[in-house]
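The structure under discussion is supplied below as structure tokens; questions concerning it will follow.
Which chain is which? They are A, B, C, D, E, F, G and H, in the order written, and residues in each are numbered from 1.
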Amino acid sequence: MPEDVESSSFEMDWDRESRTGVSEAVLCGHKSTAQIEAIVAAAQVARRRLLLTRLTAEAFAALGAGTRALLDYEAESGTAVLGERLAVNPIPGIGIVAAGTSDMPVAMEAARSVAFHGYDAPIVADVGVAGLWRLMRRVKAIRQFDVVIAVAGMEGALFSVLAGLLDAPVVAVPTSVGYGVSFGGRSALHAALASCAPGLVVVNIDNGFGAASAAIKMLRVGRRRCTCLVPTVG
Amino acid sequence: MPEDVESSSFEMDWDRESRTGVSEAVLCGHKSTAQIEAIVAAAQVARRRLLLTRLTAEAFAALGAGTRALLDYEAESGTAVLGERLAVNPIPGIGIVAAGTSDMPVAMEAARSVAFHGYDAPIVADVGVAGLWRLMRRVKAIRQFDVVIAVAGMEGALFSVLAGLLDAPVVAVPTSVGYGVSFGGRSALHAALASCAPGLVVVNIDNGFGAASAAIKMLRVGRRRCTCLVPTVG
Amino acid sequence: MPEDVESSSFEMDWDRESRTGVSEAVLCGHKSTAQIEAIVAAAQVARRRLLLTRLTAEAFAALGAGTRALLDYEAESGTAVLGERLAVNPIPGIGIVAAGTSDMPVAMEAARSVAFHGYDAPIVADVGVAGLWRLMRRVKAIRQFDVVIAVAGMEGALFSVLAGLLDAPVVAVPTSVGYGVSFGGRSALHAALASCAPGLVVVNIDNGFGAASAAIKMLRVGRRRCTCLVPTVG
Amino acid sequence: MPEDVESSSFEMDWDRESRTGVSEAVLCGHKSTAQIEAIVAAAQVARRRLLLTRLTAEAFAALGAGTRALLDYEAESGTAVLGERLAVNPIPGIGIVAAGTSDMPVAMEAARSVAFHGYDAPIVADVGVAGLWRLMRRVKAIRQFDVVIAVAGMEGALFSVLAGLLDAPVVAVPTSVGYGVSFGGRSALHAALASCAPGLVVVNIDNGFGAASAAIKMLRVGRRRCTCLVPTVG
Amino acid sequence: MPEDVESSSFEMDWDRESRTGVSEAVLCGHKSTAQIEAIVAAAQVARRRLLLTRLTAEAFAALGAGTRALLDYEAESGTAVLGERLAVNPIPGIGIVAAGTSDMPVAMEAARSVAFHGYDAPIVADVGVAGLWRLMRRVKAIRQFDVVIAVAGMEGALFSVLAGLLDAPVVAVPTSVGYGVSFGGRSALHAALASCAPGLVVVNIDNGFGAASAAIKMLRVGRRRCTCLVPTVG
Amino acid sequence: MPEDVESSSFEMDWDRESRTGVSEAVLCGHKSTAQIEAIVAAAQVARRRLLLTRLTAEAFAALGAGTRALLDYEAESGTAVLGERLAVNPIPGIGIVAAGTSDMPVAMEAARSVAFHGYDAPIVADVGVAGLWRLMRRVKAIRQFDVVIAVAGMEGALFSVLAGLLDAPVVAVPTSVGYGVSFGGRSALHAALASCAPGLVVVNIDNGFGAASAAIKMLRVGRRRCTCLVPTVG
Amino acid sequence: MPEDVESSSFEMDWDRESRTGVSEAVLCGHKSTAQIEAIVAAAQVARRRLLLTRLTAEAFAALGAGTRALLDYEAESGTAVLGERLAVNPIPGIGIVAAGTSDMPVAMEAARSVAFHGYDAPIVADVGVAGLWRLMRRVKAIRQFDVVIAVAGMEGALFSVLAGLLDAPVVAVPTSVGYGVSFGGRSALHAALASCAPGLVVVNIDNGFGAASAAIKMLRVGRRRCTCLVPTVG
Amino acid sequence: MPEDVESSSFEMDWDRESRTGVSEAVLCGHKSTAQIEAIVAAAQVARRRLLLTRLTAEAFAALGAGTRALLDYEAESGTAVLGERLAVNPIPGIGIVAAGTSDMPVAMEAARSVAFHGYDAPIVADVGVAGLWRLMRRVKAIRQFDVVIAVAGMEGALFSVLAGLLDAPVVAVPTSVGYGVSFGGRSALHAALASCAPGLVVVNIDNGFGAASAAIKMLRVGRRRCTCLVPTVG
């Protein structure tokens, strides 16, 4: 074997946060129990905090008791955190708006990912546009956020309506909620991308973590050059 | 050749109106100049009124002068009518709501198709939901219609918002307006189908004529058993 | 957290019926047991009737005994009703035509949804057009309906044939019955949309509830202005 | 260059007819004028009959006058024949049923391809199922054919209805006629494949020549072992 | 309820065989245990033979013991037969050629369907073209068949090669065998349709029964007018 | 016609900027010459600045001389501006990174859209990752931007590499550059969405204007609460 | 039954190695336990080595104890080998580069397939381009390989970056790792195909065995004419 | 503007050949006349050879006379070469096999690309497998090549058959030749990827240049370590 070829099947990108502003997360969906345990153990040894996503209740239960004891697991979102919680940044900023009850797991993944980086992100739930009044009576509250994460499945009409009402950037997270032509979240995804509402940007289907990463990066934009605001830590 | 096999390449379904309540239209998109002229001539001989759709300005110009003189052609909608106009039914009923300026050709095809059957159908234009106020200040007017045809391309968010506000049935006509993921109208089509707004029904992309046919049929529902209203002729 | 942001993950659109003419239904497919129980409890407290759809036998069995006792559950259609039955409207109107035995669950969802709103909707079953005589000998009966819901999977040829025979509007419900190229119901959906039969409108794959909502709205069209018919309640 | 590698860019499969029962045709759609002329010249030298398909009026006009003079060109079907006509086989057999006027070019390609092999194939035109009576009053005539080629675009409902009425095998040719979801002929193709009508087989979109080849092969099945019928030549 | 609307959810097309030459089969994939049992019982009462397809081992095991006892079940093909076997037609005719071992269940469904109608159909197995010699050394045997059913998944190259070698019509049955881009059988389906081999016709993915129906119909073509051959019964 | 229904086919959303922070643009792709001229005239009357996108050289040439004289047209990007230029904001912020020469029109649309709102956006061109050194030697310069717009077609690998190197948010604009499987820009779009690089967000294919709108909104985030920076006007 | 038609459902292509340079493998995904056992038994009788792929732990456990004892099974890759190991070829050559931990099963299938043919193929793991430094610090090692197999899912950006850095041919194996728009591996596949990096070639999704076969064939190219290198055996 | 951001819209990767073994080519399909002329001028200044692909006759004619005079243009393949021809490498190696006459432009692009790098690549044309004898009588000649490029459209069956007969690696180039389900080359692409023939690798649709690059890289594999063969220059 040529020199310098190593054998471990994973190598954490510990410097990602300093390089890109947000941490790497461990996407557990396609990983074996042994792989997840090895990654947690490595983080423990390296004294690193860690966010795990797409960890189903079954996958969590399959982990060894020792590993499980190290993790703060939340079942609805399928996320787990290794390491202490960060103090929440006192300056508000990110809000999460979810179209329906069925979209809550993805909204929760986003909220947990934001919290992992030391921010708070309230969820405004069940404001689908088929009953427009539900959204309208909360618009004033939603306008207080600096960045908005919008979570919707089915036809994804929430994205256009919301982005047309706000001056904050809106990160659309299409969800796989629905059936028939919406199955798998593609209709909601395409609705978000095809919208002519200004400032609407999109991440992959069900990607609550990705939306959170983007929202955090946006929050820090401008503050880079600002000296009057308490500098963010995350 | 076996007996009873005939040679003409078309046979009009003249009884369609008595059987289904709406007339057959001649979809010109895939037909040759010779075929269109033959069909118009046959209708003329049979003393039948005729609606032609998808007749581009080029295709219309290619017809013989005699044929052109018989037709009431409207270029934006690509429709032509052979025969006299019907008196417009005095009872209002069908309204057409179009999301953007680019959707006007399809909205016009629907309006012309409705008019061909003796009804009036005003167009409420440019009420896309990215500027929600445009729709909201016209909702009261739209609520006066018995049936609403909604015409939208791109992400088709208008369909859900509108159907959630009205008690009239809404016929969605997705249009091929857009680019990228909306190219061809599929995103708008899927948005209409995936919507959870109640009473929303859908026709093929750009099918203004089909929406008009459906709206007319709906208008007549219930009046079948009603003796107090002036019976519609259509 | 900004003011006015609330914490519940659902908010029923109780006024949907007065606003749109049909009630909101609870689509249970992507909801957790806890979410469904909370929604039923809220409706019970608010003294509201409720229709639940896509509630599988497993999901129903997972509900608490108290919740189950409140619900009128029907397994084939996967629907449950909370609250008293409405007296059936004496004026007939909606008929359901199903192509094959395998389409019955969707036809039943439509029938239960119609019944929830106080109408009766008989099912004419197993009239697929590969054996055309089955449909033809029932056409006279089907012509008595004011609105027809057509339910078919596979290639969906029933939609065109039926809509060409009736003057009532036809709401096509493509079903996910089939395999190979029909898998998921897309071929039946496209057949319904691409049909040139007049007055044919379409809802999402397997969406029996949506077809029922549309049919009820159509039934009320025209009766709005009619004083001689018993006013409908729903 | 290794031995035995030759330089011509085409090599006719002259023995295809003896090997497979039907001749090779020259599909002109992607070929240059020079290529088509070279192929015709080679056939002329080899004293072979030749069928060219997908030869548009523009492509035909671009050929040299000498080549054009050799060809029996028919514009609607886009076909050309080099060489003498065959005497038509006295035993009838193949019938072509076309759903709409716009499907005539494909039906004509099939008819010309059948004729090239020495058979007659009458076209029964404009029998789309949205006006079912047009098909029904010709069913008796159609039942006289041994093999039926069905040509339809849009939603392709004709295939199922026809195959359910006949004991002859039905070869479905979906056409690219239509728009929106039927664009390109996929909906008609899928309708033919997903149909549960027995004995229905399918060829590629717009492939009139392929349907003709299949129909001719079917006609000869059984006659292989039969001594009482005049042996077919083709 | 209007008169003449009946309540049973199925109605067998018992005359399909006399009308179309082949029997209706019961596609069990989407049917409930209760529906299958009711259909078998009705056939038993009507003293009809019956072919059931897509009946998995689990679905068969779920049937009542009485029903199971009536059926001749074969697990690999997932088919069951009610009623006596027909004497096999002495004139050979249909051959089945399968590309790989994994295609055997579909080949078996075709063979069982042919046998149900009173014919014999030997299977020539494992002749995929990546090892061309396997096919070539059996070509002489395959040429003895009047009609050939070809069964292949993955890239479906067998269809073109085989159809180019035979003068019998070839019915291609693409199978869902494969992974990645062949997943679901679409690549094999498209390969069959896009082939330029003459006389190749196609049925739906995994549709062994449909191929058998088509092959039987083809076998009878020509024999209709022949008096020297023993008339076929089926 | 019901009261309050107006006749114009367009209605500009003049307040969009005050409501959402960015102006509405006129997407000219599907609009007729007459529609574009009417919109420009209305803006002129209302003394509004206007950005037109997707205005091809042919479409621009078709406008009347008077209209053309009012517009600052740039052909490569297909954009035109009505009204005076804004003074460029002195604080830098947005950078545009384009993968290849063929992506320049979309990069230019983004740059012109940013400039319309009073910002400067330099383009770093031709840094596709197949020659990684081209990107690497410019990374230091790119890191100076607060927000980065990345423009790439074909396989879109630039998006992941770039987002992994920066702490600024990255807005991916997939382009329709490419052929075969990249045709239409879908592969680049999917690559952007499927990337695990943090903080990467996506807009529709070729949507340079949408990316610019989002980037401007991001630039203003945080500055909302900041008092030490010169407040942006845009 | 015609002569020469045999009954076994499989026929191994034992000469494939001498004809094509690589052995046939048994793809177990769609095969029954009985089929797999029969094939292993036949190889045992014929004294042949055999490679089985896509053999899940469940499928392996379902085999008889006798069969299991004959096989060298490796669970992560789902591969099993019958027969002795080959001595590893002393000349290095093939390297495997995997983007993420989740891609290891496919990388292992490739490594085991290479080993089966008597070569060694080290795996360079977890070098996804979102953390470019991981790849860059191993480039020197990777450049020592004569042929590189690259394994990546999600957006597949590794393929372009890697192929742009090496003069060895790169065989891309897209994997089904991912979710949303990457589901099933199509985005990674399209990224590999649409890349403009030179010398990049592609195999089917998850096809580690196919990549190994291609790499081995490439390794032997040129050595065919070379007399100074130890001739390869495989 | 930040320092170090440059203004040119292109930057040639002149070192690509030394880094990857093959030169960069200029894909002209999406480039403007001005862009192409600027690139040729830059190469001329830098005294570099250059290969241009996808340069249509119209695009070539639009170039200035000076630019045209510098280029060796070949119309069928749409390729142009700037700079002197290389002496052809005396060791044979690459062969191109094309399925049909219509595939010649892509085969020619491959041949011209190979020649640009100093190798010869004969084309074996019109060997589609529907007439298998055409391929079989040339197999001996084809077996002399070290690497084979296979070019085929429609159903792409040639790829599997060819790869099953050769021990050389086979690079499949699917072409966009065909219609209906093969439109755009996707069926041929999927057939190549789904094939189980060993050692078959695939490039993008119509990508003759990419196949040539891969073949050249393969040719050099092994020769890297060989001292007895004349070292290749390319």
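The rule is short, and it goes like this: a residue touches a chain if its C-beta (ideal position, glycine included) is under 8 Å from a C-beta of that chain, and two chains touch if they have at least 3 such contacts.
In this text, all values refer to a predicted model and were calculated from it rather than measured experimentally.
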**Prompt:** Can you tell me the least number of steps between chain D and chain F, where a step is a move to a chain it touches?
**Reply:** 2
**Request:** Would you mind naming the chains that touch chain B and likewise touch chain H?
**Result:** D, F
**Message:** Nearest whole angstrom, what separates the Cα centre of chain F from the Cα centre of chain G?
**Reply:** 44
**Message:** Nearest whole angstrom, what separates the Cα centre of chain A from the Cα centre of chain F?
**Reply:** 26
**chain E and chain G: spacing of chain centres that average the CA atoms, whole Å** = 35
**Request:** Any chance you could list the residues of chain G touching two or more other chains?
**Result:** 16, 24, 27, 130-131, 163-165, 178, 180-182, 186, 189, 193-194, 196-198, 204-205
**Prompt:** Can you name every pair of chains that touch?
**Reply:** A-B, A-C, A-F, A-G, B-C, B-D, B-F, C-D, C-E, D-E, D-H, E-G, E-H, F-G, F-H, G-H
**Asked** Taking the complex as given, what residues does chain E use to touch chain D?
**Response** 16, 19-24, 27, 91, 146-147, 163-169, 171, 189, 193-194, 196-205, 210, 213-214, 216-229
**Item:** Touching residues (chain side chain H, partner chain E) in the complex
**Value:** 128-132, 154-157, 159-161, 163-165, 178, 180-182, 186-198
**Item:** Residues on chain C engaged by chain E in the complex (per definition of touch)
**Value:** 76, 92, 95, 98, 100-102, 104, 120, 122-127, 130-131, 133-134, 138, 140-141, 144-145, 153, 177-183
**Fill in**
Interface with chain C, chain E side, in the complex: residues 1-11, 13, 15-16, 24, 27, 29-32, 35, 39, 54, 176, 184-186, 189, 204-207
